[in-house]
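Here is the structure we will look at.
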Amino acid sequence: MQHLGVALIGHSFMGAVHSQAWRTVGHVYDLPARVAMTVLAGRRADAAAQAAGRLGWQDSTDDWKSVLRRDDVHIVDICTPGDSHADIAVAALEAGKHVLCEKPLANTVAEAQAMADAARRARAHGIRAMAGFTYRRVPALALARQLIADGRLGDIRHVRAAYLQDWLYDPGAPFSWRLERKRAGAGALGDIGSHIIDLSQYLLDDTIDGVSAQTATFVQDRPLTDSPGRTGRVTVDDAAVFTARFTGGTLATYEATRYATGRKNALRIEVNGSLGSLAFDFESMNELSFHDAAQDPGNTAGFRRILATEPGHPYLEGWWPPGHGLGYEHAFTHQALDLLTAISDGTDPAPGFEEGLRVQRVIAAVEASAADESRYTRIPR
Amino acid sequence: MQHLGVALIGHSFMGAVHSQAWRTVGHVYDLPARVAMTVLAGRRADAAAQAAGRLGWQDSTDDWKSVLRRDDVHIVDICTPGDSHADIAVAALEAGKHVLCEKPLANTVAEAQAMADAARRARAHGIRAMAGFTYRRVPALALARQLIADGRLGDIRHVRAAYLQDWLYDPGAPFSWRLERKRAGAGALGDIGSHIIDLSQYLLDDTIDGVSAQTATFVQDRPLTDSPGRTGRVTVDDAAVFTARFTGGTLATYEATRYATGRKNALRIEVNGSLGSLAFDFESMNELSFHDAAQDPGNTAGFRRILATEPGHPYLEGWWPPGHGLGYEHAFTHQALDLLTAISDGTDPAPGFEEGLRVQRVIAAVEASAADESRYTRIPR
Amino acid sequence: MQHLGVALIGHSFMGAVHSQAWRTVGHVYDLPARVAMTVLAGRRADAAAQAAGRLGWQDSTDDWKSVLRRDDVHIVDICTPGDSHADIAVAALEAGKHVLCEKPLANTVAEAQAMADAARRARAHGIRAMAGFTYRRVPALALARQLIADGRLGDIRHVRAAYLQDWLYDPGAPFSWRLERKRAGAGALGDIGSHIIDLSQYLLDDTIDGVSAQTATFVQDRPLTDSPGRTGRVTVDDAAVFTARFTGGTLATYEATRYATGRKNALRIEVNGSLGSLAFDFESMNELSFHDAAQDPGNTAGFRRILATEPGHPYLEGWWPPGHGLGYEHAFTHQALDLLTAISDGTDPAPGFEEGLRVQRVIAAVEASAADESRYTRIPR
Amino acid sequence: MQHLGVALIGHSFMGAVHSQAWRTVGHVYDLPARVAMTVLAGRRADAAAQAAGRLGWQDSTDDWKSVLRRDDVHIVDICTPGDSHADIAVAALEAGKHVLCEKPLANTVAEAQAMADAARRARAHGIRAMAGFTYRRVPALALARQLIADGRLGDIRHVRAAYLQDWLYDPGAPFSWRLERKRAGAGALGDIGSHIIDLSQYLLDDTIDGVSAQTATFVQDRPLTDSPGRTGRVTVDDAAVFTARFTGGTLATYEATRYATGRKNALRIEVNGSLGSLAFDFESMNELSFHDAAQDPGNTAGFRRILATEPGHPYLEGWWPPGHGLGYEHAFTHQALDLLTAISDGTDPAPGFEEGLRVQRVIAAVEASAADESRYTRIPR
């Protein structure tokens, strides 16, 4: 049985969630490989050491490049802000390490393109690259994909997707790196909009042909927590709305915002087809609503509330009995499982960097459309 | 006490609902006037006579012009398809009759403009004109308007509005006049999109500055029920999606469709502001969700499910005890009450034809944008 | 076509709702008879006259006995407090009038027995008697009955029924006749508990074999609105809870209370069977939740939210398109329809007085059990 | 910093969940002690060894008594069926080990009494005993307790509690040890009814005075999976329903069943008080419904849907951002945290064995009442 050592780069929120996944995956599923949590890299040695201790990593460093030289590291898991993704990922792939990279893949299409190119080259050597669009692995959404792939919805006419948070609704909420274009690439559009772009393309197994968009920055300046009385300038979008048309003809609406007061993490997606419909809201993440017009044409038709916690539902075989719901973190455990399985099988994990690049191109098209009177903007292939 | 005779023009679905309202309003509210259901006009004498009997009208005719000459008719209630609205409404106003006209006000901006002009001229003579955007009078939505007007939501950042039906999801569903541009003016956009356009402008007390739109016709030909084997060509939109910006800066998304399989009459609207949020879905029409960030900043914050059936809620004084919900038709009874009150008080009812014209201009802008690569299209003032 | 004159006895809340039903039924359904709202009887002549004017009755009186002597009255509709039901109903039946009597049928089993006896005698002369358990005629609940009768739930194992209101949760809420044993017979148990007793027996088409009960009166004295500073003594239950066993083996729980703070009219009932389940809450009265274990055994099983507004659903043929929901009052219109149909067909309407008596016996058994250490108390046949 | 070694006894479903908690707790919270997963004990050596490997335990044994003799074991975590709880727990306490014991505490009151006695004796030596009523540690329910303790609900009038599962609704579902009185003690009543008994007493900080109960066994014989064609006799209840009165006057209903077709793990509890109400359903475990009649007396009153995922909510400081919900297993991590904290602080964890005994007495009273014509049966103090 293969032995795989993991290096984690970055140890804030995302690093903590990934750590929980790496700690857990081998205790829940029968893995095709042995996994070690080898080393954690951060920007500062002391903070990295402390995080490694707390999060369960054997070693730590303040030099991410050093981990690429270690023979006991086989997988590099990138949880840093977007501006460093390309550097780290390309170097890791070139060093022969499998890579898992958080979304969005990069801050620009050029960076994402470089990463996808590196992934393609690495694939020739059996090296795998995966983009962290984790919501695909929420059981209810994985089930949604199955139902659509099985034709249960027929021809898809509509997608309405929204990712609603509210942590900026108060003009007094502090500045952060996520509000800086240089660090974050984009605002709500890149951070959470990227999820619904990927998710909708994944569910439909179709690609967005073009978009027509508007963006807004509602609050221009926000207090700097470390410099009382001073403010930081917001250089990204607070919210983005756009309509889209899929290659297959589906008409779609999208919204990503951090100003939906009272909505905490409402990733919502609805799909309507000629034979049925689906609806999902992450605030009730164990539920999928399904209307089956083919099966229930009569007087008992209605949206079913499927609790996606049955043994036959995706990823559930490792967990608890029906009705004993999962939480946010579990999708990351499923992601780790799928990556390890792909590496072991010698297949490409999904989504790969090519799919991450595709999302990046949609983000770029949204920004271009918003800058050009919302004109319909095609996504390059 | 004033005595007001009503003439109803048109007696299909809308005519039946309006009749129920006229029959009921005087038994539920203390009216400022006596109302008589004087005459019903239809295209065919026999059908009109039968409808009058069933719906409770004293007289009937197949000549709508004749009712304008009757001294015992003071209000003309227009429930015909959109292509006849302008002719009837202008003639009625010129004949000195108050007019209630179903939405959308007309099939074109030019017609709506002519109607608004006629209404302006008639106003000088104390004659009133009202557009039938009835959803304003659903108690939960009237309450929503109050809360926003009272500043409970603060600055409004987002509107997301959708009107979802599914009666066309099956390609085998039959052709109807609603699918013909000449009769209906527009498709889902005009029929149900007009409601969410009006409702959003009403709730925010703000106007849409511009739109960026896409429309689609998913099924081009549908079977004619009266000509087996033959089909009718669909010449209107099946669905319309658009983003919009309000004059005050609010960013909005809209969707109107008849292909949302499983959604029967889901008029949904959500509003997010700097102090709170609202959410409504007509499929649960007695409920309003309200998040009050100003009052509940702590660990008990959450969306409240307000049952809008309390005595203090709008229009409720005439009805049943708390929790004994109302239905679709009741908003029409409230509309009748408001029109009668306006006539009696000598004030203008809301929405007037000017507001109906404003909706028509948004519809036209949506169509123009969709025809011009979704380019952002301003609404003329 | 038969001509039927109706006399209404009582004109407070229930009288108003019944009036709306009588005014409406002939305009929505094709009736088998012509109906006239002939006369309204109240205790005071002036109030009765005023109510008759407002509610649409042709005549009024302060002498209910006089209406029994009128040839133009064929149906007596009793909307008075429970203490007068027996007198009026027996007299009306003996006078050859069809009777519709509000629930609970009476204040005591003896009275209810007398009424059922009178109804039996009258039946021999073609005279009909109906008890006003109106919730049976909410479309979603009528659909529930159909599904159970069709075997869609299999063997019924559980009923959990609750009727929750909150108008007494505040100790300062005023005294009313509903809190007086002499007038009201019982408290929450009789007023709203009677509904869930009847409804559960109706849905299952089975009878309660016995009950084990507890009751409570949380607030003993309440302010008299017409005598400031003085209080009235509450002599009925504020709440009743009981478990029950049906003849067929179903195990059930019941709760009726006016102290469920925040619940306005939450008549809830859930039924679990060997093939499926149903759930209903009147606060969302147009919805029925249905889990079909026989049809959906796989990974798409779940409770369906059926919007009971389709043309094929019970009573819907007269109303609006799908999704255009009904309200509280509509069940009374359906009740009027069913009574008129039964009279016209010469059949017995359901529920008859015998079924009303059966409910009264359950109420008496609940009280007896509560007074005897909750001992299991059988319902006499 | 104290070092605490844990021994787990039993490694099926509960053992797996507890293992996940022990593996995780130190990586999420700042623990007051170091924890080691020292040894796992099972009935068969090979199965225990395999489970230890998979679940992350350092050692394994088929002799639970041997773990009591180990100096590196300080905590014994009992996850076996109820018939062995007393033996193991008493021996462990007498051996000076802290004990965490799954619920129900025992199969009989006598056993539970012996365990509570042993816990009392051990306490004198600083040894702690905790009963595993884990639902207390679901954040939404811990918040519910806080709100009630803070007086936000006023005087409590009603509790309605139900724990609904459906894994036996099909008569063909196989026999298991949970259906055998000797092994399981009771059926649904002990397995899941015990949770709602404990939870209600915990939330109200009050004790049940007495109960009036009925139980049923719907299916007498079920197929034995290991003996095709043969069946096992069900000797426990399939369902139990009872009403109860709390010492403080609250009136309550309870139901525990494994026949609620379509309900997977619906632990539901509602509480109504003179100032407000709460409602919870474990199928949406991150939500608490709260109606605050004191704060919202006006036209915006309604049940708030609190997402119990804010940093200020109980146990949330260690987890993810708002809206990133938790799952079933997390309450076990919280339980481990609370036990470790109590041991470190030298205080008694809650619930202790005395509280577990109290639940056992209610279970016994329910069975006694059901066997005695549902007569109201007081719980001994």
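Going by the order they are written in, the chains are A, B, C and D; count residues from 1 in each one.
What we mean here is this: a residue touches a chain if its C-beta (ideal position, glycine included) is under 8 Å from a C-beta of that chain, and two chains touch if they have at least 3 such contacts.
None of these values were measured; they are calculated from a predicted model.
Quick check: more C-beta contact pairs at A-C or at C-D?
C-D
Relative to chain A, which chain's C-alpha centre is the most remote?
Following the centroid criterion, the farthest chain would be C.
Hey, how far is the Cα centre of chain B from the one of chain C, in Å?
It comes to 36 Å between the two C-alpha centres.
On a C-alpha centroid basis, what's the spacing between chain A and chain C, in Å?
Going by mean C-alpha positions, chain A sits 54 Å from chain C.
What is the distance, in whole Å, between the centres of chain C and chain D, each centre taken as the mean of its C-alpha atoms?
Each chain's C-alpha centroid was found; their separation is 41 Å.
Identify all positions of chain C at which a residue touches two or more other chains, and write them in rising order.
263, 301-303, 307
Applying the document's contact rule, which stretches of chain D touch chain C when the two form their complex?
Against chain C, the touching part of chain D is residues 157-158, 160, 162, 164, 166, 169-171, 212-214, 216, 218, 239, 241-243, 245, 249, 251-253, 255, 257, 259-263, 270, 272-277, 291, 293, 301-303, 369, 373-376.
Would you tell me which residues of chain D are touching chain B in their complex?
143, 147, 152, 290, 292, 295-296, 298-307, 310, 312-313
Please name which positions on chain C make contact with chain B in the complex.
13, 17, 19-20, 23-24, 27-28, 54-56, 165, 167, 263-266, 282-287, 307, 309, 320-330
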